[in-house]
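Two complexes are shown next, each including chain A; its partner changes from chain B in the first to chain C in the second.
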Partner chain A sequence: MRSQPRAECPSRFDFSASANSAIAVRRVRVSDILQVIALDERVTGLAKPDYWKDALSRYGGSRLHDRAFLVAKRRGPQSESTLLGFIIGEIRAWEFGSAPCGWILALSVEPRARLSGVGQSLFNAIATEFKEAGVNRMRTMVARDNRLHLMFFRSEGMMAGPYLQLEKELD
Partner chain B sequence: MKLQISSQIAIFALLELAAVPERQLAVAEIGEKYGVSSHHLAKVMQALARAGLVRAVRGARGGYQFCGNARRTTLLDVIRLFEELGSAEGRSEKWEATAEGVALREVLTEMDDIAGATLGSITLATMRKLVGRRQAYTGQASVISH
Partner chain C sequence: MAQRARITIPERTGEVAEINYGKPAEPDYGPLARDRVPVRSMVDSDLHSLIAIDRRVTGRDRSAYFQRKLAEALHESDVRVSLVAERDGGPVGFIMARVDFGEFGRIEPTAVMDTIGVDPDYRDRGIGRALLSQLLINLMTLRVEQIRTEIDWHDRELLGFLDHFGFHPSQQLCFEHAVAAAG
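Right after this comes the complex of A and B.
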């Protein structure tokens, strides 16, 4: 791991106006990463510990002015016990000719905590991050057959953007 | 892409009814707003009732009431009650067996997949939010008021 996440900054990460006041959203900590790995494995059926440890380093430990790795926990005495979800985002500029824009690179919500505002709290929190960093647009990419994620992002007001993703099988 | 009239009417009617689920609206009230004949709208409402999305309410102020799940019912769910989506669903043309036909089919399938993903990801609740946003821009009332 190249670097450790810095301590969270309460003034910037007090999302008291999040979608659900029972949910607290804050910067990721090193101690969260095992829960992130476990949640992702439960949701996707595939363990990727190296990927998430690298993500912790890249999005939780460096260039924090334009990168965010946020986790959602329940507020209260048991608040640090269970991870409810996480979101990762980064401001990217001029790739594909695009003006600076906040990208949501990953979003996952604990299946047992769905439909309780966790995803919306994370979405709102990262939108706040992007806005405070000076961008006025956010974007993500979702598999066409991932109806759950598509419905979620649509419900948050996201529409098709001006780009088409193209790919090719390499012979 | 163009939807059949019945699909469009069904979406408009559901958006009206889902805006205030406890309220019932007469077919004529919805028809008047969208310029649709009561006869055509009545047929559409019957299909929506069979699908469990609305229920008929009898009485002096009778009409239809929304009874579906607005957060789970997508535009695709509604449209499929009235039409098959797809550029050439069900057809079997001679050209389809040619290499040119297969290549064209590949492109049309890509378009169909994108249309299906779009319509299948937008729920009635999301549409209501879109309507609300448009209303905020234009200042127009978004639902029928008695």
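Right after this comes the complex of A and C.
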């Protein structure tokens, strides 16, 4: 695992090169959160400002050596204008004895910017974050009926993993 | 060619509400286990006990992990739900959970359970049952509607334990990728 917290050094994703050169990926900033909330509302049909502010403080403001909240913007003079997508991930280690692994917890891409490499840039950026932190696998959970995410993660080479999500209703 | 025998479905001969004595017992979060084993909320000073129990269970020193998890459970979470079981004057088991505000596209208030450990000397004495049953009772009191966890398919012992408590597979699929090959 990385010895120094990421917060103490500049992020390598501050508008650094990504898979698609027109797209810049960097860590989230407080000023991005309104666009994150708006994008999520457009995609899901639900406005969840408190949820995303919590996510900003949790994944964008603490333990940055094993958490990543990345945003994609268009590279160039207008690069700060429009959010193209975001991805959130966290390294989880030793839950129920499992070896450290990076988990992708959220991914969203602006509908009008789809099929232009935004999701792939975010995916590659967070994979690099995980790799730099010293883990060699990443995982995610996708709802069975979420065809968009299923197709995306499969197209990025993700395969069925050995984990089961178990749940129990409390009533 | 011989004519195939037709399948016949037996007619119902009893009431649907008839007691089914062959039905598996309901999950026990009744009084037995947790009344026999004192269970209390986890506190900062439990750290060394948790590390020691885990070292005996896994054979690894995971101090850093437990420091992080304890800080997360006690200081990052709005609601403290992690528990410790005591016997013979000290901690002999623990369960760590948090009330989560949602991930993997879900936004319902959900409890996430991610670690449970019982001192090997106290196995098969209902410690794990006491911890989990108390956790479920506490979460219901907090009006949390669901608890979930992610476990390795190969961990059959844990699978059986959680199955007994009424956990079932969710509608989420796990995908994974070797990081070295990505990007």
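Observations, loosely collected:
Convention: the second predicted complex is superposed on the first by the 151 of 171 C-alpha atoms of A that agree within 3 Å, B and C clash if a C-alpha of one lies under 4 Å from a C-alpha of the other, contacts with A are read in each partner's own complex, and residues count from 1 in each chain.
Everything that follows uses one rule, which is that a residue touches a chain if its C-beta (ideal position, glycine included) is under 8 Å from a C-beta of that chain, and two chains touch if they have at least 3 such contacts.
Everything numeric here is computed off the predicted structure, so don't read it as measured data.
In the superposition on chain A, A:151 makes contact with chain B only, not with chain C. Of the two partner chains placed by superposition, only chain C is touched by A:161; chain B is not. When the two structures are aligned on the shared chain, A:136 is found in touch with chain C, with no touch to chain B.
In the superposition on chain A, A:58 makes contact with chain C only, not with chain B.
Of the two partners chain B and chain C, it is C that touches the larger number of chain A residues.
Counting contacts as defined above, chain A residues 144-145, 150, 153-154, 157, 160 meet chain B in one complex and chain C in the other.
Chain A makes touch with chain B in their complex at residues 144-145, 147, 150-151, 153-155, 157, 160.
Here chain C touches chain A in the complex through residues 58, 62, 65, 68, 76, 101-105, 107, 111, 114-116, 136, 139-140, 144-155, 158-159, 162, 165-183, going by the rule given at the top.
Chain A makes touch with chain C in their complex at residues 19, 46, 48, 51, 54-55, 58, 62-63, 88, 92-98, 101-102, 105-106, 123-124, 127-128, 130-131, 135-146, 149-150, 153-154, 156-171.
Here chain B touches chain A in the complex through residues 71, 74, 113-114, 117-118, 120-123, 125-126, 129, 133, going by the rule given at the top.
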